[in-house]
Amino acid sequence: MSNRFGRRFVVSTWGESHGPGIGVVIDGCPAGVRWDEDYIAARLARRRPGQSRLTTRRDETDRPQLQSGVFEGYTTGTPIALWIPNADARPQDYEHLRDIYRPSHADYTYEAKYGRRDHAGGGRSSARETAARVAAGAVAELFLQQIGSGIRCRAWVEAVEDLRLTCSWEQIDFEAIDANEVRCPDPALAQRMATRILEARKAGDTLGGVVAGVITGLPAGLGEPVFDKLHARLGYALLGINAAKGFEYGSGFAGTRLRGSVHNDPYYADEAGRIRTRTNHSGGVQGGISTGEALDFRVAFKPVATLLRPQESVNRQGESVIVEGRGRHDPCVLPRAVPIVEAMAALVLADFVLLRLGNRLADWANR
Amino acid sequence: MSNRFGRRFVVSTWGESHGPGIGVVIDGCPAGVRWDEDYIAARLARRRPGQSRLTTRRDETDRPQLQSGVFEGYTTGTPIALWIPNADARPQDYEHLRDIYRPSHADYTYEAKYGRRDHAGGGRSSARETAARVAAGAVAELFLQQIGSGIRCRAWVEAVEDLRLTCSWEQIDFEAIDANEVRCPDPALAQRMATRILEARKAGDTLGGVVAGVITGLPAGLGEPVFDKLHARLGYALLGINAAKGFEYGSGFAGTRLRGSVHNDPYYADEAGRIRTRTNHSGGVQGGISTGEALDFRVAFKPVATLLRPQESVNRQGESVIVEGRGRHDPCVLPRAVPIVEAMAALVLADFVLLRLGNRLADWANR
Amino acid sequence: MSNRFGRRFVVSTWGESHGPGIGVVIDGCPAGVRWDEDYIAARLARRRPGQSRLTTRRDETDRPQLQSGVFEGYTTGTPIALWIPNADARPQDYEHLRDIYRPSHADYTYEAKYGRRDHAGGGRSSARETAARVAAGAVAELFLQQIGSGIRCRAWVEAVEDLRLTCSWEQIDFEAIDANEVRCPDPALAQRMATRILEARKAGDTLGGVVAGVITGLPAGLGEPVFDKLHARLGYALLGINAAKGFEYGSGFAGTRLRGSVHNDPYYADEAGRIRTRTNHSGGVQGGISTGEALDFRVAFKPVATLLRPQESVNRQGESVIVEGRGRHDPCVLPRAVPIVEAMAALVLADFVLLRLGNRLADWANR
Amino acid sequence: MSNRFGRRFVVSTWGESHGPGIGVVIDGCPAGVRWDEDYIAARLARRRPGQSRLTTRRDETDRPQLQSGVFEGYTTGTPIALWIPNADARPQDYEHLRDIYRPSHADYTYEAKYGRRDHAGGGRSSARETAARVAAGAVAELFLQQIGSGIRCRAWVEAVEDLRLTCSWEQIDFEAIDANEVRCPDPALAQRMATRILEARKAGDTLGGVVAGVITGLPAGLGEPVFDKLHARLGYALLGINAAKGFEYGSGFAGTRLRGSVHNDPYYADEAGRIRTRTNHSGGVQGGISTGEALDFRVAFKPVATLLRPQESVNRQGESVIVEGRGRHDPCVLPRAVPIVEAMAALVLADFVLLRLGNRLADWANR
């Protein structure tokens, strides 16, 4: 069950980092979505390894093969399967790790759970699995766009180590995000972040940081009470991304220092008669259900666990060993985490929209 | 679906704040758990309104009635239903709010979603629903205890507004948590927190804060890869608690400022040959699966939305109104949030244990 | 999980035959359904024990208590819980069965599964649990009626032992079903069935039979392909009723003897341009999805396992024992099975309708 | 959701009859199952088109490609994906059916549901999808075998049209089933059935029939009470096979004519002290849970809907048309239904076993 996400827009993924490839099947995407292969490829290109000097040099084109669910250019309502072959897998590079548990990787825990593991690049625990999520998220985005929902999630790098963007999301030029290799919308800060990442790599070290995001275009009334609150499902989705360590939305942890008289968001009716809030400490969610304001959030990512320097560890027999630092790896996961965050958010939103709509596209217009 | 939580230890809750009561049914609790009504009552007493001068004066005994699933002192494997009558409901107190949306409550969003709402005390959106969670969590705790798992979650108030406990969980005296009405294990700090809460109440205002917790006794190998990572399910569960704004575990947001060479947790084998980590920035989870170290986490809670002072808002017609400040409410949710956090953690853990065990108690001994 | 049914209109039941009562919570019923307590009570009255000389003499009024989910006469979208107290429980009557496995009951199998059991009247395995289903089914019917779906399921007793009604469903006067205590729409046959049942009771024996039913008012396009075919979910639901031994729909087992050239249902367009089939061997379902024609089906029920005569069996120690024949029991379950069949069908249909509609009532009008 | 089956051993399928291929991913298969490609291929060969003169002449080798979940010869606990390319797809053969609804196929209903459809060979509604089920079922069988469960399902053709095998399952030589092309264990009857099928084909007509099966090796205590009874899940699974019209188990419909005094299965303890029943009208299930006796069942299959003769129908515009009879099709689905029935049964059983066991292979030995 753990390889499946969603209640109505359901994705199941499979595949290992150095096996034949990565796959995903989407069950529940309504019929009538116009297929846009280029859009999906473009979304995947943002996650692709080897896209810049800041990322791993593994070379994957990540062009997915469509196996089902689309007929004459439109989705049919039946499962959509996408298969992304691994073109540059090198399982033999990991032979020296067969019996060794790399620190802060999933090697030991997978073995504790399953009694065996695929040691090549972490097998299933590798972030290569997220290619499937980005592909599925792109389909969710096509759905959200084509029904005219206006719902859109945008994410960006807010912090790398202690370098931090401090403006609010309203001040961000979304067009600037992809204008640099870091995906931080402040070009000067992005430059400093890039320099920092390259320095860390040179030192054989790695960095963590924060991805921020905002979901706009939400109607009021999306989400479910009690356990499946909109933000709880979003947090669940984002905490499931490799290396995620925390999630907050709206005022978040900082908001715990405000008094209720400051934190509460007063209602007013705008000129069009639409009910709005003057502030948005709520992050667009009250009681787990959307208010119609923007849902802003932040996700913490730890520094990458693979270091290009020797580390102490143990092998399967519990003997002390030195893990050598070699291979192809990202010194900082943040730039490539941005499209993954957006994809998971799109999956969450498509799911909630379908819970509300059933599976008929035409309904959205009448909402 | 939104009123159900869990995959194997499944709880469903119902009931409104000012209706006849709150109920919960647990489907999936194995047979053979010794029923302990006093234990459950004691857990509920920690969440009970009216327990101290810091909480709402609503007077509920919260003694649950057992409706099914237990026979001659032991669970039978069939659903366990508990019903907690509302003894001190006063729906008439909310008549003036019938057409008004209280700021930062779920009034407007429920109406946007459902087209109607129970305006008495927020109906289903009230935190009174969490009584059901604490009752179910107590049953999960009985299960975890009686199989000898050693798994236990303890939580405490780490911060109220800017008053913050800064020690690590290893330094905490768990016995001290319940020794004061705030549930902060540092008595001096707890005293200052209590004073702050009473001051805020006097000013008609409210406070937020942070609940921290730690899960100990975890075996290695608990959790599921990809979407249902142990921490992702835990975050999902805790973000679903009323007023929660953020979740982090292990090194959390602060860990994003560490380099990989510092953040990585080196493995070693202890004297008994058990594989351990020297540090635990991982928070006891790697690749979504437990390492066997402690899982420490923090949850942010916003200040309570109900103020004892007038606030601007709108009514159903979009007209400006003043929401009067009156009624029985907590000035700070933190002391009562502690048992709710523990309960949700217990539900998550019982669920993962059953995924691993199937539903036979005897198996645990052979793990 | 086994005590829950449905994907969108989700019911969870609890309670034992001789415990405090039987409960059900419905999660997923849309807001805005007008509550009709009398309707629900009337549906329950058809299943009620003691309703005629053909049924058990246990005396239950089965008037459910509403615990949540309805506000000022309408459902709110939050869980609807109903509690049906057991007024005439007599657990002490079963003391002699504490260590004995009654033939063809669930005594032995529950104990094999759970290691313990509630021996009073079968505990959870008793058909008393179906009171909860009928209550929930009545709510599903209110939903299906009030959205103007036109979908309706009617069932009747087709056979008792070898006494069999041979006409097709189109020839049945639905008003005649409840006009007699057997619920067979042919009064003369019903009379013979009643006589047969009373004879069997007098002989300390029991009878089985067949309940037939038809779902009318189905739109084309309801159901899901592959595993969740409309008839597969219906069969699943009906096979889960106590004592059910078989299910068939449309031409059923008899249809296996027809050739394709006879069995195929030719399409035509009726005067209104609606696409219809000239015959309906398909039972209103093709490829798992409704055609818009009626869905007719049959369910086999075995003879009641409790006999008023001594039977050979074993006790917990494997020793031969004689099970005495005494207590209050139905000699034939068929008349009371009719409302249970209808209720389960309503639950299946409400679920499929919501999968299609999402949870907004207004949508149905635009379908 | 409709393309997914199972709760713990979860299969999701995708693919269309004349698209690139058919796929399946299994989520929940425990680690440590020894991979046996030949076994899986052998199971698929029994379902393969073109296997005898009685089946369609479409030529598919149906050799699945393993995409994930197996490492160095053993399952790893992560998803197992299998991809079966369509080697002999001919979508152009269906161009004349683009606007036509074939009688008793899913053409019209898919279009009513989704607003569009893949008209090539029925697209997703084709029984070609069952190749994925047989592949997954083979993996379930490997699991059930390797844990030493002893659980096994065997099926055979009991009836073709009115030609019927009348012996009980105990009298059947299971080795004889695959000894002929019909898969009826009585060679003389199989010969008559084959002749009948060839006659029907020559007449451009098709036949239906009954597949019977028996599950042996069941421990007592498998299954879940109330909605997920063992036979209800089995019926659900088998009714979801293309062309299925009915399901019965144990005494089935015929058992409704027996009196309780005859139908009840008396318990006794055998020489080994194991509790058994003298008769088995229960079909190995009481109260939804296995008794340890064999579970025998029957599934009705309608005659194939594709005829090699002209038929009346309508097109998308509601105009009368003649559907031409041509293409490659089975005159009788029964011989190829046998492995599909066995596969679905294996999926149901692996699922129940895992519900009971959790996901650790070693546990089974301690049951």
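Couple of notes before you dig in:
As written, the chains take the letters A, B, C and D, and residue 1 is the first residue of each chain.
Methods note: contacts are C-beta pairs under 8 Å (C-beta built on N, C-alpha and C of every residue); 3 or more make two chains touch, one makes a residue touch a chain.
What you see is a predicted model; the values in this text were computed from it and never measured.
Ranked by separation of Cα centres from chain B, the top chain is D. By the residue-number overlap criterion, the interface of chain B with chain C counts as same, with over half of its numbers used by both chains.
If you average the CA atoms of chain C and of chain D, the two centres end up 27 Å from each other. Centroid to centroid, with C-alpha atoms defining each point, chain A and chain C lie 45 Å apart. As a whole-number value, the distance joining the C-alpha centres of chain B and chain C reads 39 Å. Residues of chain D in contact with two or more other chains: 1-4, 13, 78, 110, 113-114, 124, 225, 355. Chain D meets chain C in the complex at residues 1-5, 7, 13, 101, 103-106, 108-110, 112-114, 122, 124-125, 129, 159, 161-162, 200, 204-210, 219-229, 231-233, 235-237, 239-240, 242, 244-253, 255-261, 263-269, 273, 275, 277, 281-283, 285-292, 298, 300-307, 309, 311-314, 318-320, 355. Within the complex formed with chain A, the chain D residues making contact are 1-4, 8, 10, 12-16, 19-21, 23, 25, 27-28, 31-32, 65-69, 71, 74, 76-81, 83, 110, 113-118, 123-124.
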